[in-house]
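As written, the chain order gives the labels A, B, C, D, E and F, with residue 1 at the start of each chain.
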Amino acid sequence: MPRRYKSQPGHRMSLKLPVPPRSKLAPDLQKYFAVCDERIGFLPNVLAAYSFDQAKLRAFVGMYNELMLGDSRLSKLEREMIAVVVSSANRCYYCQVAHGQAVREMSGDPALGELLVMNYRAAKLSRRHRAMLDAAHAMTVAPAEFGEAERASLRKAGFEDRDIWDIAAVASFFNMTNRMATAIDMMPNEEYHSASR
Amino acid sequence: MPRRYKSQPGHRMSLKLPVPPRSKLAPDLQKYFAVCDERIGFLPNVLAAYSFDQAKLRAFVGMYNELMLGDSRLSKLEREMIAVVVSSANRCYYCQVAHGQAVREMSGDPALGELLVMNYRAAKLSRRHRAMLDAAHAMTVAPAEFGEAERASLRKAGFEDRDIWDIAAVASFFNMTNRMATAIDMMPNEEYHSASR
Amino acid sequence: MPRRYKSQPGHRMSLKLPVPPRSKLAPDLQKYFAVCDERIGFLPNVLAAYSFDQAKLRAFVGMYNELMLGDSRLSKLEREMIAVVVSSANRCYYCQVAHGQAVREMSGDPALGELLVMNYRAAKLSRRHRAMLDAAHAMTVAPAEFGEAERASLRKAGFEDRDIWDIAAVASFFNMTNRMATAIDMMPNEEYHSASR
Amino acid sequence: MPRRYKSQPGHRMSLKLPVPPRSKLAPDLQKYFAVCDERIGFLPNVLAAYSFDQAKLRAFVGMYNELMLGDSRLSKLEREMIAVVVSSANRCYYCQVAHGQAVREMSGDPALGELLVMNYRAAKLSRRHRAMLDAAHAMTVAPAEFGEAERASLRKAGFEDRDIWDIAAVASFFNMTNRMATAIDMMPNEEYHSASR
Amino acid sequence: MPRRYKSQPGHRMSLKLPVPPRSKLAPDLQKYFAVCDERIGFLPNVLAAYSFDQAKLRAFVGMYNELMLGDSRLSKLEREMIAVVVSSANRCYYCQVAHGQAVREMSGDPALGELLVMNYRAAKLSRRHRAMLDAAHAMTVAPAEFGEAERASLRKAGFEDRDIWDIAAVASFFNMTNRMATAIDMMPNEEYHSASR
Amino acid sequence: MPRRYKSQPGHRMSLKLPVPPRSKLAPDLQKYFAVCDERIGFLPNVLAAYSFDQAKLRAFVGMYNELMLGDSRLSKLEREMIAVVVSSANRCYYCQVAHGQAVREMSGDPALGELLVMNYRAAKLSRRHRAMLDAAHAMTVAPAEFGEAERASLRKAGFEDRDIWDIAAVASFFNMTNRMATAIDMMPNEEYHSASR
């Protein structure tokens, strides 16, 4: 039996910030956290981290929910696929763990989560999904070069202008959160690792 | 007398989205746009673009204002300096124009706006500002490599953990908006070019 | 219940090569494959692929076993850790899956496998292991720049010349297999995904 | 009213070299400097810097004038456009400031100068100009890969072999001056900043 | 007459390893070394280095000979051309020297050895050879991006699946040896420099 | 006996330009070419290429001779060493061949020419030369990042400000000629290959 190796010893983020107990948060945020407990089974560490400043937490949650759960012609799984490919390009540990699990769960295909984390080009994807992920990857690693040719590739794969906005918006959002999570060394909840395998 | 060259012919973004007339927006957003008119002298094109979907506009404005105008130990000029350095690394035309102007105006130093757009390393900066901009640049171009050494450099330059959060948050936010603006080919208002020279 | 997404439909490699049935291989290779069945529970796809040419299979197995299982002052887990970090830098799907599982199993720490796949810099590692993985990463992504300074970092972390040889040899070997597996589009056995979670 | 920020405090270059007073220069160089005063309104700092060694100054001026002012089927504005795009790719502060101003002045389009400094791909350009600037950019950032395909793109956009020489010669020249100016930390004259806005 | 400059003073590798005298090696290895003396005129330093551990030496020689001298539809010269292009991309001094000499000798074209070391794109090559070297280069510098498009380019140039395996295998092998030789600072035998000029 | 491979079939440059016979050049240039014949043994192809336009030829020769042959505290060999390292980083075939030969000849050390072409970091160099070549390399591959730290490294290795100018000037010049030679596909004279081996 292997000895237990210490790679992630109960650590949540590197910064020392005055994160309050949940019972001190405003009632609407306490309620939101309770919904997370219920739906996810635990409170994602990112929300705990942001709760040191309730205005920041509200702004983050507002944008996140609009983007990932709001109305769009991209399915929720497609938005999670973009999240993982962007997070893989930026090598954000938190987001690859959390959104990799979401892809495994939503797709019912554990290998898909691994493929998008490790190298999305190795996956057998529909033309629509390959174009979508190529665009998300391109705008992540070479933002200055994204232009009309890249928009044309998306249109050829069947995406309309509103969809292009949404692909760009999700890919851009994770370029923000990836950097934030890495900069403060945020660690994902351990529950993600074994879920949906 | 030079003939007028056509580099930016009255164009605002490449996507065709159902941007409504301002008079059709919800009253709170009409009011917000009126405040922009008043304070800036015109409505920034980014806000006009987002107004095709009022939920997205509210989420964007909410996060932007919290970050750039909210409470922080970073001055507003410092936050604009980060915005320009990140936008320069990503070569986002919209954000370099708009926030370059903000730096020129807030600093009273037209050359500073140019330096941060062109190569912040050429500027004579305080140790605090050099460390702040080095961190913003590093997290933009090599997010996977940002770690304890980079946080230590910020601490040595006098930043506390709360400040590190704010530097990371502003740099991360512009990594989002830069990609969004480039992906949809958003053009800045022409008024920025000659302002604060 | 999610519909089953098709990311990896029973595919083993892109090249059409005359892979024989196991019963046609030379007796020593049949025996070696039987040992694999016994010890691993299945025959790794890489060995099946190489079996189209028994001379190539023998050369590959000879070098692999000497390197990963032979005598060394690096533990077998340490050699697998190097394998994963190199394969992550090169984004080889096959090797990240197969050796990521080996790290999970040998370390008894499922999160460690994920950390090394996703961004080894996010792991809390001993000084020895950080130096070892930094060297393996450096020689993978910037081989031309590896020199006396890099060897000195290894020596400072306690490695002797024989260990430096072994770190270099394992990292170099996976720079070979990563390229080979990606070039022929080799897919890992599905059994790896759920193992040791 | 903003306090004056100190980003460029009266500094011309980092090296301490025996730059003589203009009155000590050879008569032909004194005369050339007087022409600069007359035509530009001031003596560009680059010429002052080179004047510490009159042989170097003459060689530099000889090549510069042949290239930028001599006979060519590229207009002088086109040569300045190449200068800015190359200087932007290399992030040379001096050359972006000085030649960005030249583009603003010669084109009568202040936004064009900004576009070429910030990201030339965001400009609406003729096919000829896009091909010309793509070639200048490619030869700057990936010189080893410039080959027959790149020459063919220029020919397809209407350039003849003599024009290809001239595009290459101007782009190459600024790859020299950009590195020289950055290496010695040469600062542009402040007059450029507000001119032609 | 120039004084003799000291760039490579009788040095073979940086690591201090217990390399035995040849007379202490197993008889089969002594015989193999004698064949090298005979055929090459000297014992390549790489073999001397590996001889500190006879199991490693046997594994290395086994794979090398199978790959470079074994049965293949690639000529031995073609395999050496791949070796040089990969070693040039990785800037491995040992392998560029040794295999550059092999290309000069086998091709009877001294300039070809130089071209492949310095920039293979500058050589006038057959379509087959350009495709072969483009693939070897691509899999060296961007392994994660090698996929169906790259295999298709090889097929269009006339390569069959078995050939693609061989191109990949040789290119991958030198990605291993390049890193190994650089990591231990292995120097090539001086005899190579003047041979086949 | 190997068949003769065709890698460089009597080709001088890709552009078709009206290069005149030498007898039609102005007398001073004819005389200069005769000096080249005498001193080098042949007319370097670069001079033949430039002679399609005598003004360009004069400007080029003027700058080249001032820089490489003029007064400097860098020896002529040191200037050639910089030329080769820059040309290697840019992978310019012409300049690596021509200046590699110059290094072999001036140093009396054939291996030195190879080392600087292939990977200057593998050479055993004096501290002065390593610092000089590190600076030339850095300003070639990352011009935007060259700053006070890089100048300080040169000063620590004993270089004064005048020397820093000269190192920068030579490195910058070859960043020009490398791009020019590659852009027009200029081929070096075959005589260089076997000389000084």
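In this text, contacts are C-beta pairs under 8 Å (C-beta built on N, C-alpha and C of every residue); 3 or more make two chains touch, one makes a residue touch a chain.
Note that the structure is predicted; figures quoted are calculated from it, not measured.
Greatest centre-to-centre distance from chain A is found for F, with centres as Cα means. Centre to centre, using the average C-alpha position, chain A and chain E are separated by 44 Å. Note on chain placement: the centre of chain A and the centre of chain F lie 50 Å apart, centres being C-alpha means. Inter-chain spacing, taken between the CA centroids of chain A and chain B, is 23 Å.
Chain D has residues 91-92, 119, 144, 147, 182, 185 in contact with two or more other chains. If you sketch which chains touch which, the pattern fits none of the simple shapes: not an open path, not a single ring, not a star, and not all-to-all.
Put simply, chain D touches chain F in their complex at residues 14-17, 55-56, 58-60, 62-63, 66-67, 70, 90-92, 139-140, 143-144, 146-148, 150-151, 161-162, 164-165, 168-169, 171-173, 175-180, 182-185.
By the touch criterion stated above, chain D contacts chain B in their complex at residues 1-9, 11, 77, 88, 91-93, 96-97, 105-112, 114-115, 117-119, 122-125, 182, 185, 187, 190, 193-194, 197.
Interface of chain B with chain C (complex): residues 144-145, 147.
The residues of chain E lying in touch with chain D in their complex are 119, 121-122.
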